[in-house]
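Just below is one structure, and these are the notes that go with it.
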Amino acid sequence: MIKVAINGYGTIGKRVADAVAAQPDMEVIGVSKTSVSAEAYIAKERGYPLYIADLGKKPAFEKAGIEVAGDVEAMLKAADIVVDATPGGVGEKNRPIYEKLGKKAIFQGGEDHEVAGFSFNAHANYNEAENHQFARVVSCNSTGLVRIIHALDQAFGVARVRAVMVRRGADPDDVKRGPIDAIVLNPASIPSHHGPDVNTVLPHINIVTLAMIVPTTFMHMHSIQMDLKKETTREEVLKVFENHSRIGLVRKTMGIKSNAQLREYTQDLGRPRTDLWENGVFEESVSILDGKEFYCFQAIHQEADVVPENIDCIRALMGTVKDPQESIRMTNEALGLVAIG
Amino acid sequence: MIKVAINGYGTIGKRVADAVAAQPDMEVIGVSKTSVSAEAYIAKERGYPLYIADLGKKPAFEKAGIEVAGDVEAMLKAADIVVDATPGGVGEKNRPIYEKLGKKAIFQGGEDHEVAGFSFNAHANYNEAENHQFARVVSCNSTGLVRIIHALDQAFGVARVRAVMVRRGADPDDVKRGPIDAIVLNPASIPSHHGPDVNTVLPHINIVTLAMIVPTTFMHMHSIQMDLKKETTREEVLKVFENHSRIGLVRKTMGIKSNAQLREYTQDLGRPRTDLWENGVFEESVSILDGKEFYCFQAIHQEADVVPENIDCIRALMGTVKDPQESIRMTNEALGLVAIG
Amino acid sequence: MIKVAINGYGTIGKRVADAVAAQPDMEVIGVSKTSVSAEAYIAKERGYPLYIADLGKKPAFEKAGIEVAGDVEAMLKAADIVVDATPGGVGEKNRPIYEKLGKKAIFQGGEDHEVAGFSFNAHANYNEAENHQFARVVSCNSTGLVRIIHALDQAFGVARVRAVMVRRGADPDDVKRGPIDAIVLNPASIPSHHGPDVNTVLPHINIVTLAMIVPTTFMHMHSIQMDLKKETTREEVLKVFENHSRIGLVRKTMGIKSNAQLREYTQDLGRPRTDLWENGVFEESVSILDGKEFYCFQAIHQEADVVPENIDCIRALMGTVKDPQESIRMTNEALGLVAIG
Amino acid sequence: MIKVAINGYGTIGKRVADAVAAQPDMEVIGVSKTSVSAEAYIAKERGYPLYIADLGKKPAFEKAGIEVAGDVEAMLKAADIVVDATPGGVGEKNRPIYEKLGKKAIFQGGEDHEVAGFSFNAHANYNEAENHQFARVVSCNSTGLVRIIHALDQAFGVARVRAVMVRRGADPDDVKRGPIDAIVLNPASIPSHHGPDVNTVLPHINIVTLAMIVPTTFMHMHSIQMDLKKETTREEVLKVFENHSRIGLVRKTMGIKSNAQLREYTQDLGRPRTDLWENGVFEESVSILDGKEFYCFQAIHQEADVVPENIDCIRALMGTVKDPQESIRMTNEALGLVAIG
């Protein structure tokens, strides 16, 4: 059993914790939290040992009826590997601690590539992880782009990608961030940083990205165009997606035409926390124009798509499973991830 | 086993179906749908026999891979009782069919009181149901009001209620309804119709309600003020709520101060469809001013709070369980409803 | 003086009416309204004779203190030309009336091209209007696309256009339409109908468009990519825009990075109804990649950009001004339209 | 001519500047800005001398084509009185500077009462201002409450006020603040601080306030209930409002039932920046229940209602006009403020 510590029990951390707990070859040895909150009660509910950064706050936790197992360093010491799910930029500050303790660690996409020196996606570069102490699971948007670009690149070759990302403004429970009524260029300059981020995993891909932020909380929506190297048909592209274990197809007959309706569907399916772990490609949108020009819309659940990637990344860094497809299969089976469609 | 048909498998119907299926003394003998949709796939996923209004659409369902068990009339005939969860106003049109077939039926709050002739709330008037063929579970807002007013009326007597309801504009998956950026008076005249609706269950309560619609999807928020007949303290009021099986307390230590954060919490709890079946009273807001003036904020999950009431209403109409508290206990236990807090 | 009737005094009609009234060669001989509303009070405030469809409603208007000049047919008879600004689809029903009365008429983009048989944009095809009885000013989105595509096509040649339109969900005062929290594919299939609509004005342009709807009210945002026929530089492209009387540049130093901030700026400028009549191209976004690949973001004010086009279309259909640049100059001067930047 | 300096040229400052410039007895001698922005361009457009806090930034302004008149201290020295419209909390830091320079100053509602030691509303306590060096114009919400409470208190006596304020989440151009999809209790405890703030102007009023924040940008909406001391009728109350120069009535015939539609109306009226300077009381909502219980909804334009109050406060502090009604009349006339309805 791989002993996993979750440093940062928030939007991503709480999901990774449950995903780890569901795996046959891993266990959650602790999660960390800086202050009393609803999520601390959830950690207690789940039975995860709760560690805190500042033991001076222990009385506040205990007053709220939440037991504290110790400080974060104690948790880290007990772990084989750390999933750092702290807010963007904090991972960089934590890295020296992991180095000092000699612990393997996984950072999230809120950190720069350089913090880990290696950026990860299960389908694209699993086997490159083995000799690294650190890895970074690229951001939700980059993960979604890497999956679909890599799949089509393997099948048909990709000459150029042009993607417009319409991003959710805040997560559903983040009541402070806006915008309320605006489309915000993010950034106003072109291209955005997302293309170079995709290149940390797929260095040879020629990609231009643009991004806006809009007042929605449920999922990002990508409009993707790729110039393919080989001519193909819509049917062949759909087959590639059908055969991909982390690309789902939102079938036309379902009548789902928005991120909100897609989230309702994953909720109805009983997915934990309504998570869409896979890319949500809208079947109706999948188009090949002029033989080589691919188009589609895909929904990316910002809270969820990196969760299975973190699980695979644990195995890849630990070296316990050599075959990426085997790890992906194990992860998906344990989560109950059968791509929609 | 009470054979229950769910006529209308939408926002409420799909929740009631799962709640019925979870009870030890009931079974879902069918659900109905008018056209192919994501929810039809969910009915299939759950294994509920699917009936359709117009058999002419059977080929469309079958083409989408969804088996059709028959037409709606066949479903109704096979049932002991029907939960009518069709859109507001359709229930009225369905009533003659239920009369013709001699079936008991439960309508939702989108219908007028007169459609059923009896309006229901489990805590307030369970035992009045027995001799009725029809009952109406009052709307989400009225259910939330009735629960808290009845609880305080039993404990302290209520001389007057003044409630301002800030309503969600649309359900999360309803992408057509607004407003996008507005506070809409609904209605602009005072009082709103909610007070009289509460009076269909609690006729003696003196109540004035006001309502607005705002651009949110998660839950309604009620601001409630009551003039109590007896002096009391905040602590005694909190005790009343703690002892009520369908009033939850959002504890101050949780740091939850909005409907969105509360929904994140029920999602983290693993509640099916993130449902808050109980009233979500904010502990911090519970106040007694000048000895007799009660104030609080409560969140009401428009999709969920009527679900357990429908279950109790089934037993009440069927006469199979005489004691309201016993039915409430059975319903809550089967759902896993332990009021938060 | 050209006698102009405005049939439909709503979002577009009220703006066109004021724009007509500001021109030296036109006058508003009447506006029409179907029922008493805030806009009827505004018509009275402005002193526009108000005509109504159904004289039976005259008492309701008079009770509200609003004088009625007569019925719509009387207004039409008194006009040289009609600007039909009725809701989408109503124009088609009105066309036989204009034919019967032998009146020239201008329809809006909510009507199909076939309703007028000729689709108009001042910069692109002013001189083709002269022999037509009817013209259609293309929709706000198409007008915005036509302006920028035509400008670059004239300067550098355009081989292919790929545009992703992120559309506002509703106008600011439309409190019924959503979405509240969703990104809606509109349509989910690719391409959208906007490309063919651009082709009604610029038939030779090779264009693929995609569209989504988001919860904002202020302006649409276009992400545009064009393959140019000639190599060029960012500076040359900026010069084209600077020299275009209906393309504005949102300068980087202004710090405006959203539709909301741009609207605040036009409001601060004192523009009537905060109207951005020109395209709002974000200077910072204007990019030439690899010599021939153009990119930019542009904001399109859905309520405003067609207003000056309607004015020019009046002159073009009436044949009173032969030179498009002269009409555009007259229109802009009367409105005070000096493109931002 | 009173020489007025506007320290802070943002949402409030730019409106107060234009209002000052419109008065016959005042002039804007300068406005201040900390960095280059769209508003700096507007100051230039209006011809207001622009002063900056840090002269080191002068080159940045000049590069953007904006002339700098000097530093803020130079502006303050040249003024008879300062309107401090800096962000909340900055006014407190500025106070010692005003003291040092011996300048009268007006703070906004973002500052605590203690910063000025005197809180102002033109109708309620104009004549108390004269011997003060400093005054604070209470916040938009408090101004709106004070106006209506004072009016009814004068007419009928007010025994108790209960107000629920549903607040806009952010101003239209503030794209960073949320919430996007939430109703946020602000605060979750009851009562909110607004009641005590009203008491800084009307100390004898017995008032309980509650507040929530919702995802809208246009205006706040107040639900107000008052126990009156004398019996009255709806008609008498409407007369009080009709006779009040800063309480407008949104007439039922206008069909306006939301803050968004009300803002469209002020925009159509051609009000500068669409400003609703007066309270917007919804005629239809004005109710008297049981003879003494008053109810209504009122819209409060957060950006605008304090603007005329600042103008009156200038005269009150300077002592140039002794009669409040005369100052109010002058202010309203110069602004073109004729209360709607």
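For reference, chains read A, B, C and D in written order, and residue numbers begin at 1 within each chain.
Everything that follows uses one rule, which is that contacts are C-beta pairs under 8 Å (C-beta built on N, C-alpha and C of every residue); 3 or more make two chains touch, one makes a residue touch a chain.
Please read these numbers as outputs of a predicted model, since none were measured by experiment.
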Legend entry - Farthest chain relative to chain B (centres taken as mean CA coordinates): C
Inset, instruction - Take the average of all CA coordinates in chain A, do the same for chain C, and state the distance between these two points in whole angstrom. - result: 42
Inset, instruction - Please work out the Cα centroid separation of chain B and chain C, and write it as a whole number of Å. - result: 46
Legend entry - Separation of mean Cα positions, chain B and chain A [Å, integer]: 35
Inset, instruction - Give me the residues of chain B that touch two or more other chains. - result: 172, 175, 179-182, 184, 215-218, 257-258, 260-261
Legend entry - Chain contact graph, described as a line, ring, star, complete graph or other shape: complete
Inset, instruction - Would you tell me which residues of chain B are touching chain A in their complex? - result: 14, 36-39, 41-42, 45, 63-64, 172-173, 175, 180-181, 217-218, 253-258, 260-261, 263-265, 267-270, 272-274
Inset, instruction - Spell out the residues on chain C that touch chain A in their complex, using ranges where they run on. - result: 162, 164, 166, 168, 179, 181-191, 208, 210, 212, 214-219, 221, 223, 225, 252, 257-261, 282, 284-285, 287, 289, 293, 295-297
Legend entry - chain C to chain B touching residues, read off their complex: 169-170, 172, 174-182, 184, 215-217
